[in-house]
Amino acid sequence: MAELMENQVFRAFTTYAAIVVLKMVLMGPLTAYFRITRGSFANEEDVARKSEEEKKKLLKAHPDVERVRRCHQNDLENVVPFVLVGLLYALTGPELSSALLHFRIFTGCRLFHTVAYITVLPQPSRGLSYILGMLVICSMGYSVLNTVFLL
Amino acid sequence: MAELMENQVFRAFTTYAAIVVLKMVLMGPLTAYFRITRGSFANEEDVARKSEEEKKKLLKAHPDVERVRRCHQNDLENVVPFVLVGLLYALTGPELSSALLHFRIFTGCRLFHTVAYITVLPQPSRGLSYILGMLVICSMGYSVLNTVFLL
Amino acid sequence: MAELMENQVFRAFTTYAAIVVLKMVLMGPLTAYFRITRGSFANEEDVARKSEEEKKKLLKAHPDVERVRRCHQNDLENVVPFVLVGLLYALTGPELSSALLHFRIFTGCRLFHTVAYITVLPQPSRGLSYILGMLVICSMGYSVLNTVFLL
């Protein structure tokens, strides 16, 4: 096991995977922040102490909250596959330089994607960072299937 | 490979990861149960045999179904990162006692979170179990980055 | 590490996991395709160049887009747990024939599930492929807990 963590590619993968997953997890508190500042909640028990009138207002969707949630969802749809395919990719023993290129581009893309989504940067900034991130996953997936193929 | 499963930390991780992932997967049938008992479906083909009037009624969202779906979504946002970061954490060879503490707190939190969400326990019970679970993920992520860091 | 990829079960797992994750990731471009052809977007910046009147029309939800998104969500809820539990299962060293049976049934089910969802095949085709896929995850999870149990 210690052997695995002595491998340079696996260490690099572990570092970048931890960074992007932690970033994704922090979308939760960001959603909570927007829910509180924008006054938009999803559950009745979250606004239990308010008057009936206030409750109705607080249980409506707010565009800013929905935006953070879409960003979070997009992370789930891309960061999770990156870690899953990236793990298999790292285990197939690729070149360190090639692996680093994949991990760095993906991590950069996703950090930029979040900024572009939350601060409403004009398109195609968000679209391109999404596509580039997805291509990295596909490239690693292709490499994995090319090295290890047993149907 | 067998070596990996002889490691105590990895065996503990495997046990807790399997438990929380299976719990998450079972949110699917729970959603189906609420959809059927509450009469609230998402797809036209699911209510194909009903009359036009009934279809309209059955294709409306129901608060109980939406609640289970939000709970499922929250699991996706937390249980999946736990398993991903937890796997890397287990591979960095932490102390068994420290690892068990992380795994047990997280598993307890998520089981309680589901109960609190579905049975509508008053806040902050759900909020606290969510935050504590997230702190466990962050703590493991920090430990991983602290042990293995290669950018 | 190379040892891991010489193991037949692990190679089979890697192959099937890469296939289903890549399939899931490609739901993203499929959603984009439906968004463009059906004229239904989620973000204001995606329709920035259009007139105010057109914007309102383009920012409405379209049933076909929502269908692809539900299909993508169902993949997240099932493909990700399959890879997570499947990885642990592969590491417990099951029989190759038994492992292949699990991986093949799941992969077949999920490919069929996507076709059934997108092309609106009559029920219970979609429902059965979902249930069968879930049973495969549960069976692997049971096998994992049966082999490695350390609470």
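The chains carry the letters A, B and C, assigned in the order they are written, with residues numbered from 1 in each.
Simple rule for what comes next: a residue touches a chain if its C-beta (ideal position, glycine included) is under 8 Å from a C-beta of that chain, and two chains touch if they have at least 3 such contacts.
Since this is a predicted model, take the numbers as computed values, not measurements.
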Self-contact between copies chain A and chain C, residue sets same or different by half: different
Turning angle required so that chain B lies on chain C, C-alpha fit (0 to 180°, nearest 5): 120
Centroid spacing, where centroids are CA-atom means, of chain A and chain C in whole angstrom: 17
For chain C, residues contacting two or more additional chains: 4, 76, 80, 84, 87
Residues of chain C defined as touching chain A within the complex: 1-2, 4-5, 8, 11-12, 14-19, 21-22, 24-25, 27-29, 42-46, 48, 72, 76, 80, 83-84, 87
Residues on chain B engaged by chain A in the complex (per definition of touch): 3-4, 7, 10, 67, 70, 76-78, 80-81, 84-85, 87-88, 91-93, 120-123, 126, 130, 134, 137-138, 141, 144-145, 147-151
